[in-house]
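Next, two complexes with chain A in common: one pairs it with chain B, the other with chain C.
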Partner chain A sequence: MKSESVTRSIMIPFILLSLFCHSSQDGNTGEHVVLLCGPKNLTLKSWDQTIQATWEDDPSCSAVKEELVYELLVLVRDQQVHHDLVTVTPEQIGLSHLWTWTSHRALECDSPSVLLSVRYRNYTSPRRQEGTLPGMTNSSDPEVYPRDPVFQVGSRATFCCVLPAGGTFTDMYLVGYNRSEGNITKINNQTYSLSLVLNQPSSPSGTDVKCEATIHQQPTDNGVTAFIGYPPDDRELQCETRDLESVECQWTVGRDTHLPTQYQLVGSAYECFQRTCRGKEDVSTGERSWKLRAHNELGTVELTDSADLMTRVHMLAPESVTGSTVNHRDARLKWSWKVQGYKDLNLTCEVNLSHAGPQKPNSGVGLDSTVLMNLIPNWSYNVTVRCRTTQHPWKWSSWSSTFNFHTKGDVPDALDVWMKMKDNEILIIWKILLEKQSHGHVLDYTVTWSNIRGTEQHNTTTVTHNHVTLRLDTTQQYVVNVTARNVNGSSSPSTIITPSSSSAGLNPTGVRGSRMAGGGGGFNVSWSSSPAASCGYIVDWCPSSSPSTVTWIKVPQTNVFLKNLREGQRYSVSISACTRGAALLLETREGYVQEQRIQGDLFRALRSKQTGSEVELSWDQIPLTEQTAFIQGYVLEWSDRDQQDNNTAVHNVSTDEPTSTSLTASDLKTSSYTFTVKARTALGECCSKQLIVHVNSGTDNWIRTVVISLAAVFSVLTLVSVVCCRQWACIKQKVYPPIPRPLLTDTWLRSTGERSLHVDQGPSEVDIMDAPQLLRKPGAQVNQPPPNLPPPLRSLPAPAGLPSSPFRGAFQNLSYDLMMQTEDQQPPEGHTAEYPAPTPPLDTAQEEPGSHMTCDLTYILVPQPVLCKFTPLMN
Partner chain B sequence: MNGHVQRMSFQQFMELTTTLLPLLLVMAVDSTRTVAASSSNQQCGNSLQRTLKLTRLAQKESVLLIKTYQKAAQGEMSELFCKGLVNDVPDPNISGLEPSERIASIYTHLQTFMAHFKRVYEQQTDLQLPSSPLLGELTVVSARSRGLAALINSFYQSLFPNLPMPEPAGGPTTLPPPQNVFQQKVYGCAVLRTYKEFLSNVSRELRTLKGKVCRRRMETNTFLLRMT
Partner chain C sequence: MAERRTRGTSGSDPSRTTAARATAIAEQLHHESCILLELYRKKEKLTVGELVADRRLVSVPPPSSQLDTGDTLWRLHSALLQCRSLLERAIAKEEQELGGGKKGDYETMRKMVKDRLSLLLINTELLRAVDGAAVLTPNLDELELESPSSLFELKLWIYRIFKEVEHWSKTAITTLQGLPSVMDKERARGARLRSMRSARR
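Entry: the complex of A and B
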């Protein structure tokens, strides 16, 4: 039993297997093989954002005699992101197969898988292989991918940030870009992507892409640096030789790539630095070619050039340029060559002379010198030289270093002389020589003149300025020579013949004058040709206000444009014919380049004068310097100021005479008027000025004259009276001097006094009050007698027998108290009693000389000199 | 009696003389040596002062360098950026307990920083134009670091003539492995920032040493002399 069961258990699978094999053989043998055909040994690699898959065919595939088609599916999180087919020809079966694919996103962000299957005809093999790129290793920081990528400006880039477990995403951005320019997408809980268009090239240090996150509640960030730029676009490779021994290749560098770019001259050992590659070469080998390769992360360009180097000789600059001979007006230059090979070449050299520009080139084999002609004497020159080959002109060498030299001095050039006539004076004027004409410092000018007939001696004068005024006999013509002198000698004489008054000459009298208009900064002057003009015409011009600043030009034609003139300045232009003898004035003109409105106060001294019912307003002559336009006339307007209403009539009077200096308003009434005076120009009225004048009637003037006269007379009289009053004493002394009184003896005086006293005994009370005040003042001095006279009686006791008198009580002895009081010395009214009556005797020693006293004959002893002082008591 | 008195007086004089003479000799020698110690202390102070001045100069230069670095690196080097933990950047702290150990630590730190500066310079050469001021300033700071190290070494030798300058504990300087450009930028910034911090610590340390080492040296010298 047991052996049966064992046998059965062996037989059954064998039978089933036999049946299976039998059934298979009955179907198709090829299909049986295909069942075993498929990929094997799939391996995945990645770099940057590229996946590379390699695999082999299963050996069973060798049985397949047709094309195999491998299908590759790229899966990210079980989602297909890419599909591709790889066809393997029967000849390729059994070899290793390769497939690459570049993702738009960093592979570290997605950890993609590749599913590989095969099919042929319509049959798909069940055998498949799957590979997954290793994901990023766990990191404690957020990681940004791709690392150090390179992008072209304008491309779209995607970066992703992979956070460590537990990390929270905060932000992701490119430094220098707006946050709004990027699009952040959450790929999964740990991965975020940032997508944006890179529209700015990066700096040499790149553009940082940052990812900020919070990890374990700590903010942190990390990033990568992207390099954004352009592929090289250099062009125009040119190779040449400079020293006939080596080659220099240069090219035009394109736009800044913002990326490291390498240059290499393919197939040569040339060294490249910046934009030049150099290398030793035999230049005599004829035609040859060069290829330059420029490469950076974004692309490669190749530039080619081919040439015979002998046609590409770019010479080095001449060296040691020097002047072997330097004369007044020519110099010889020499130079040397650093490259000896240049001496065998036919060369063309150009000299650049300061103030004169490039000179005509000279040619010659190994040219190393040249002669400069037509130089200015006493002039400093800077000269440089450059050369190139004559036979195959390629490029000029650079200019040599500058050589400076100074030509020798010479006599001045001949002067340009002109003249202007005014009345009997002739202004001989000449243009000051420019530095390039004087050939040295001009010391002075010599003017020589003589009668054209040679009947007079030569007259000479030497001046240091550029004009001289001659007073000559205008009835004759004179020959005037002018020379300039410097340290090297005198210039050749410049001759001008003065016209005589009998001829038209240069005297403007009788010559047609006209106005002209300018434009474009000057005058375009044209005139009719004159048969007298044998040597052209002379046009001179000057500001009308300053004729001495005349400028002139000699022209052969009948028109000229005078430029660089000021607007608002009146110019006088004269046109003369140049003849063999004296110049002939043809016409004069006056005008403005551009008239300008006259500014400022034109009628500075405006004044009025009334004559009856007329008022004349006058002003000073207006100087030409203030006339920035032609004055065509003047207008005087006036209106009555007493009429307040708006309909006040405005009267005016005008003149068209530009030289007028007054205008008169007539038929004026007695009132106050406002006068306005204006100037008329082509630009309109201007320079308005007002003056208010009160117009008086004739009667008023008569009354005013009388009143003024009376007032004057009264004032004079008053003044005379005051003077007379104040100086009355003097006047009286002069006009009516006091008559000296005779001296009186004591007896006569006594008897006289007694008589007087006697006579005066009967005055009324009023008389007493009017009597002169007799005061005694301590120290007062009575009039002194002459020294040769006997002393007068000082004490005269009253006779006992005399009758009593009312005076005696008040005036006991008047001789001691009598004195003259001026008004200001009089006691105040009512205080008379305070002055006590004098008490005799008075010591004469206490009396001062010169004291005044009233002229009472009784008491006067000697005559006293009259003082020039007004005293009422004297009356 | 008089002779006895005289003898006694002489004996007393001799005893006094024998007592005072050594004392005077000791005082004389001591004063001479004190003068010598004082002079040596002055030299110590001068050397320290010179080192301190150079440290301050290097500190200023490092501050300027960081500004230039930030400007060159697009001007958006945030604090976070530079403070990110970067491996293999030297520790700015000075180690050791004894002054000799701490001075030696300063020296070895400076040597380490010089290696890092060289690496930063190499990295920045690829990221900057040849005309960039950053490269020039990096060269200056590196040279200054070398000069400061030489001065520290000299100072150490003068203080501890019998103690050789110890080699760095961790062996040769460890530089970071190849990095991507962004990491290079962060690394460079971290090196500069750490260097600045280190110099600040050095400055502080030197000020501390001024009041400690030079004075102690004087005391030690005096003590040693008195022992002899």
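Entry: the complex of A and C
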């Protein structure tokens, strides 16, 4: 009842007022009513940088039968910063209205006002409402706004710093940004704004925005932490089952948002962690769908997926992989399943074998074993297994843990044998077996050969290296078998038939040889097909400088690319036809993959030889190892060194013979010449070497010969003279011996005519015997003085251990101390020729019978006794 | 006096041993908290201006020469307890608001400081027990519990907590190092008083 009376008390004046207006305006009463139409109950709210305004229509607006247009003006310090219109349809009149607007600047910085007015048709109501957001409360520190904002990378942000009263602004910046990137604006004495483009995502702890100021003479600062990142952009949700009991949903995570991002699988109780959501599920329910929501402060992304989980079985890896049987060339693998449900599924499993790669997959229900074929004997293998369902292949399981096994050993594989002929020798060579071919350590190789006709016995030799040289009768063909042996036995023999000299065989003589050019790191060799080739062709090649390092390849076609060859190395390539008998050499080639400029000293032993007016320069044969390009010839240039001007003529001579080792310059004058020798290659001249030669005239040579001859003669004569001078005494003794004066005594004068007869006939035997002191008596001791010799003047002490002798000091060198009686030393008249003389150390064996005295020409050395007879001569 | 002599010669005074061990732990804690402060300052690129305007978070009675050993120990123990409480809150808050990045040296050192502080607390507790003081848990009601209102304030708040740990670890070193001599004096004084009383009787 009370409410009814209140309503009446309100309605009655309203009705009366309406009636009054209606009657007084003569038909314009409606306009008078709507004059009162306007907003009421305007309220403002704000969060972050958003203003929300709510208001209602004045009841008078209900009379307006047309749409109302509310105009909102946002004012900051009486300046309009935003203008907006809100249209209210007649049906909405009387309801509450809502308007929001987001400022680019923190609202705390501006304290904006909202002015709300309404108009309809062309009439603007005078009724307005204004609201103002409360400003920030006063603080003792600078305050930065907005607080803890979130921005997207690349967006423009505006921060403001509100100083306390009396504060002085110093600076405002974002940590990690250049100061120049921001634009600072003074809004009023207490407010400053910083505007900049945020081009760097923030760290997990945000990016600080700092405002520095001076407050009460104290520098201080404050700030806020902004987060700058990206909205989520995850994609590709995929749900699957691994254990047939639960579901795993995964998705591709987009770029790092740099913001906390929540993930939720909508409508499920799945637990989400990082990039996976998991939950228990009945996998046999058929098709179903999932929705993932990724959300952060900058946005939300929803991903969906739908599938029958039995078509999305992502198996777990096989467990406990082992080899149940391991043989020489096969093995059987077994594994187990952690999920028992897998045993009912049709599975396809793939085995990855080290050195061999993935094997052909096997399939079967609950597959848990497989057999590996074609394994290499004596070989270590690592094997892993992975599986997936056969009926609905979804994803392979991850690879199982590795199982290692080693196959049993076996005899070696057959050898690849080839041969090279040179003169009468045949080099049988075979490729060393690789580890996967030898099946164990090769102990030795056995080479067996016999005449192809079988008329000879088998010859056998065993070697440990990969070649053997046979000296065979080249008129016949031989069958050569080579086997390799390891601890498991010998390989099957590899047979090669040697050609006979009567056939073309492999003898390069008479076979067409040519040069070839390489490219791309090798030679592209092609040749004409041969009707003799019944089993393909054999191409062998080696560096021309080392034929023993030959290698070969057997090909069915008539071309091959030989690769991995060195540039600047000359290679010899032979092409042979493979026949049922001996191989037939078709052609040989020689070339470089790429010729390189010859480096180094090519003409190492360059020498010259003048013959008349010609000078021949020669050098050693240039080894192939130094020829990094084909030498096409040599050039010899020379110029006269005595003509130093620029117009000096340079002469040259050349040869196109690569094997040449000399060149001759002719018509040379007597002068000094500079000779330059060079090699010519396809890359130009190279290896220049100079030699300076002085060319002499013929007269000069004659004079030189004469001078040398005269000098030689003079030298000989001088030598003879010196020798003669030094040995003059002996020479004189031999050529002109002193003649002792005859001793004429009375006795002698009274002697018979028989004695006179002795004198006339020269020294008699008796006279010779008259000099007994010079002869050593048989059996007399050497160095023993004759009885009538006077005692020595001095005596030197005898060396220890030797018997003392009074003559040891006086006759140190008996040959040197030999005394020779000259004319001047002859005894005085009246004396006989029996003068004392030291006994020379004569060897009785060398002593000639009848000799009287020795004389040594080279007495300083070992005495060479010369017998000098003291023959009394008559004056 | 006899008791004192016996302790001195045996070298097995439990309070001395515990004090020495606690001092060593405090020294280690101080060293590690200095490193933690430096790591944090670098991580958050804090400038000196922000750091000077700090204020105390740990609230204990002011130091006084009138405090006996038990009171001194209680004061220290109370401060360290507050430090640990603040540190635990700081770590939790930081992980919640600013975590998510890779864990590095800073996080390792932060955990190490927290564990070391707990160890020091155990030892100061033991020391108080040895000294005969009642093992009363200091009141943490006075601890400032209001949380920072913005992330930037949170960063400064965390820094101030680390600074408190550093300050009180340093104080602990000084207090614990001077503890044996003070305890000896007090024992001597107590013995004199006892002998005087017995003489009067």
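In this text, the second predicted complex is superposed on the first by the 596 of 875 C-alpha atoms of A that agree within 3 Å, B and C clash if a C-alpha of one lies under 4 Å from a C-alpha of the other, contacts with A are read in each partner's own complex, and residues count from 1 in each chain.
Here, a contact is a pair of C-beta atoms (placed from the backbone, for glycine too) under 8 Å apart; a residue touches a chain by one contact, two chains touch by 3 or more.
Note that the structure is a prediction, hence the values are computed from the model and not measured.
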Fit or clash between chain C and chain B when superposed on chain A: clash
First (chain B), second (chain C), both or neither touched by A:Gly206: both
Contacts of A:Gly519 with chain B and chain C, given as first, second, both or neither: neither
Which superposed partner A:Pro547 touches (first chain B, second chain C, both, neither): neither
Chain B versus chain C as contact partner of A:Thr220, first or second or both or neither: both
Chain B versus chain C as contact partner of A:Arg147, first or second or both or neither: both
Which of chain B and chain C A:Gly176 touches, first, second, both or neither: both
Intersection of the chain A residues that touch chain B with those that touch chain C: 141, 144, 147-148, 175-176, 203-206, 208, 212, 219-225, 260
Residue ranges of chain A touching chain C (in the complex, touch as defined): 141, 144, 147-148, 175-176, 203-206, 208, 210, 212, 219-225, 260
Residues on chain A engaged by chain B in the complex (per definition of touch): 141, 144, 147-148, 175-176, 203-209, 212, 219-225, 260
List of chain B residues in touch with chain A within their complex: 72-74, 76, 78, 80-81, 84, 126-129, 132, 180-182, 185
Of chain C, residues touching chain A in the complex: 43-45, 47, 49-50, 53, 94, 98-101, 149-152, 154-155
